[in-house]
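There are two complexes below, and they share chain A, which is joined by chain B in the first and by chain C in the second.
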Partner chain A sequence: MQLTLEFGGGLELLCDSVKIHNVNVEPQAEGKKLTMKHLLSWVRTNLIKERPEMFMKGDTVRPGVLVLVNDCDWELSGQLETVLEEKDAVVFISTLHGG
Partner chain B sequence: MASEVVDATAAKPRGGRFCTVCNDRRPALKRPKTLEQICKECFYAVFEDEIHRVIVDNHLFKPGERIAIGASGGKDSTVLAYVLSELNIRHGYGLDLFLLSIDEGITGYRDDSLETVKRNEIQYGLPLKVVSYKELYGWTMDEIVKLIGLKNNCTFCGVFRRQALDRGAALLKVDKLVTGHNADDIAETVLLNILRGDIARLSRCTSITTGEDGPIPRCKPFKYTYEKEIVMYAYFKRLDYFSTECIYSPNAYRGFAREFIKDLERIRPRAILDIIKSGEDFRISTSTKMPEQGNCERCGYISSQKWCKACVLLEGLNRGLPKLGIGRTRGLNNESNKDMKETNGTKGLQSKQCGTLDF
Partner chain C sequence: MDSNGVAETPADIRREIASLEKVKAEIDHRISALRVRLTSYGSVNGNEVANSSAPRPEQTLLSGQLSPDMIYRYSRHLLLPSFGVEAQANLLKCSVLVIGAGGLGSPALLYLAACGIGCVGIVDHDVVELNNLHRQIIHTEAYIGRSKVESAAAACRAINSSVQIVEHREAFRTSNALEIVRKYDIVVDATDNVPSRYMISDCCVVLGKPLISGAALGLEGQLTVYNYKGGPCYRCLFPTPPPTTACQRCADSGVLGVVPGVIGCLQALEAIKVAGAVGEPLSGRMLLLDALSARIRVVKIRGRSPQCEACGENAKLTEEQFCNFDYEKFTQSPLSTSPLKLHLLPSEARITSKEYNERNLKGEAHVLVDVRPSHHYKIISLPKSMNIPLASLEARLSEVSAALAREEGHKKDDDNQSASLYVICRRGNDSQRAVQYLHKMGFASAKDIIGGLESWAHDVDPSFPTY
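Take a look at the complex of A and B:
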């Protein structure tokens, strides 16, 4: 499944300072839907190069990291349970850097 | 009903509900303050209007005043500069707005963020003044770090920055200085001041305006504005801001209080406003002995000691004794130990302009 992932607010520093990543992520199992929960662990394994604790805490994003799916706050779409579809755009922004 | 029609034609039904304000468009975010689900357009309107209400209700400005916006190039000050210039025009505040930036002299960090502020100068049409540590103190942070290493460097930077903003504001001949401190920052400061038992700062830190008896009062129009909304606003509006951590303090944002506030927010977003309210409601017993505010005998800056902290630190640097004013038992001022201890204990927070205790 083709997805566009964007890292901002300083999170890009954790993935080689690249802000936008066009990626191909498959659901955990055949016939299953791709959820944010799975995407997060995929990102952590495949994109985050350093200090993963800046991005995640437990199985979700670290408090203070905002997540938008297709420009919509993931708190409106079920957070970890949000189901992703082909060509979705997911944005991660840290609020923890500088004023 | 009408909503079903829109629902069927929406490009991508997610969340399946409508903006609680206009009941017409799809919501784009959940407001931490109210838990309302609102669309981008209504969000811009309520976000700007709440700041306008805070400005009006607290009489932050008078027509004709010259106002400096402390601008670091980061999210808070960038959004503040954008929103203030919008509101100034929309509501006819009659303010002369300026951007005031401090160049600490940190290669690869401040030079880059200053580029952002220079773009903001053009984007928002606000005149920019940059004052540097080098011109004010004779030292850049790069030079200070070379001398003292990566321990306590944030103490120097924090102390110097506070004065630098005041001195820059004086050069601009402004009536007031506004900073981008947001609700999260203030809640964090309340907690830290309680944890340290710093009664003097606790009683000041929730004031929306401080230093009214001094030459240049400071105010915080974002006192009730959530960091989440500031970042969402900047993101949706594609505002140009800089977000790299300071190279001399890579873990600055890992402050314990900050993390705790963010954890609380996740459980109950109102907690941030509640902590601010608690801070406001603290009443300090009239018999409590508070430090007396005087002036530094050397530079005249406001100080509760013989010499202000910047002068003590500077004296140490110039005499080749950079630890002067840092340790618990050394220093020119007999009573400065308590203060020193605080700054040492929070050096991780000091580098973040809005996370310091310098209210």
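Take a look at the complex of A and C:
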């Protein structure tokens, strides 16, 4: 399944400073749907090159990271249970505090 | 030297400029008053503008709300069909508090004062520094070393003497927050740290004030409106504070000046929309700016959370609870932005910059490792230092051993001491982390230079640049 993943707010530093990744991710098992939960563990294994604790805590993202599925907060689509479709865009963004 | 051959000092020139500017301001004021009178003749009597013998109409406020001066000053707002007299009158009646007169607060304050917000409050405890000026455009060189609030207030008054500017020259704390915020209709969060963001949001929830929140770091910015007409607050979005390692500061990570500038302007815009009761304020949505790729995206965020500990259904935060809440403990980070000072090493594993200088001048055989990131090293470094960033120290230990061996080879025969190993960084935190690691890896004599290059500039070489 083709997905566009984007990292921002400093999270891109965890994946070689590359912000946009066009990736191909398959569901955990055939006939199953691809969920955010599976995508997160896929990202952790395949894209995060350093300090994984800056991206995840337990089986979800660490506090202070917003997850957007097609420009919409994942809280509105079911968080870890959000089902992904072909060509979805998922953004992981760390909140900024500077000024 | 002027043309008359009389010695002229910069002070003389400044005095003359000041006196001419005063005359100019008076003339400008008279011109604008005359223009207003002229337009009122034109609108009332049509062709009779030039007829000086015509009786002057009464000084009536045609709109019922705005004085002639205001009509002229804000005319371009009044000409907007979707803004008009009503929205402008709303701005004039409104009061806005801007917390932080830095990179975000600078443009926000300039626009809020210029657009005629009736009362603009400014909170900050900091003073203007030279390394602020690239982004904190409200301040000028003349104000370096003076209060940011004083400087910002003077700039706002220079733009618009008809609005009230209130100066709060103090740090924003739970002890004064309620008292200050209570007097205002809208709050703009233009601060630079995590505990302040939670504290300001909670304070706005307690007092029912809309909050225009902006943030910027590096080449990215974020903007949203909290606690507006049933929308989410900061805690709805971020119930748990981020780990302190995820909270970067502009003073460490850098920031492109115009990025907070853009976000600060957008904060002024959102404040004007809320104050003027026009348009759709950015509540329940968040604007993300990526300056380098010129991308702005507006995303939909969650609404008010029923479980929120500040504004949720079961947990209405009270004023007393707010006053007693320890935001520094909650977020594990300080409200002031003073840099961290670690104490990881025993005193025998550390030397002062002065001591290092003496040893170096005596010709002691040694290796100096600078563990800052390479882009820091490129800004300025000590001669003869070698750059091995802390992150790559583990992989480059052999370079340290090789450098030490070279130094041993160079030293005089009568010297029984082996070459020393010193570690330096910007402020003396990473150097301690590096020395801890080096000790563990068998470099038992490694020492860190206390206070890093900042102490070198302070105690040894005042001409050494700081950043």
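Criterion: the second predicted complex is superposed on the first by the 95 of 99 C-alpha atoms of A that agree within 3 Å, B and C clash if a C-alpha of one lies under 4 Å from a C-alpha of the other, contacts with A are read in each partner's own complex, and residues count from 1 in each chain.
Criterion: a contact is a pair of C-beta atoms (placed from the backbone, for glycine too) under 8 Å apart; a residue touches a chain by one contact, two chains touch by 3 or more.
What you see is a predicted model, and the numbers here were worked out from it, not measured in a lab.
J.: Quick check on the chain A-based superposition: chain B and chain C, clash or fit?
T.: These partners clash in the superposed model.
J.: Tell me which partner A:77 touches in the superposition: chain B (first), chain C (second), both or neither.
T.: first
J.: Tell me which partner A:63 touches in the superposition: chain B (first), chain C (second), both or neither.
T.: It touches chain B and chain C both.
J.: Pick one for A:96: touches chain B only (first), chain C only (second), both, or neither.
T.: A:96: touches chain B and chain C.
J.: Now for A:10: first (chain B), second (chain C), both, or neither, which partner does it touch?
T.: Both chain B and chain C are touched by A:10.
J.: Check the residue A:18 against both partner chains and state whether it touches chain B (first), chain C (second), both, or neither.
T.: neither
J.: Is there a shared patch on chain A that both chain B and chain C touch, and which residues make it up?
T.: The overlap between the chain B and chain C interfaces on chain A comprises residues 8-10, 62-64, 66, 68, 71-73, 75-76, 91, 93-99.
J.: Show me the residue ranges of chain B that touch chain A in the complex, using the header's touch definition.
T.: My answer: residues 12, 14-15, 17, 26-30, 37, 72, 74-77, 113, 180-182, 184-185, 227-228, 230-232, 235-236, 242-246, 253, 258-259, 262-263, 265-266, 352-355.
J.: Across the complex, what residues on chain C touch chain A?
T.: Of all residues in chain C, those touching chain A are 100, 102-105, 190-194, 197, 214-218, 220-222, 237-243, 245-250, 253, 255, 260, 286, 288, 290, 293, 297-302.
J.: Show me the residue ranges of chain A that touch chain C in the complex, using the header's touch definition.
T.: 8-10, 19, 53-54, 62-66, 68, 71-73, 75-76, 91, 93-99
J.: Over in the complex, which chain A residues touch chain B? Could you list them?
T.: Listed in rising order, the residues are 8-10, 13, 62-64, 66, 68-73, 75-77, 82, 85, 91, 93-99.
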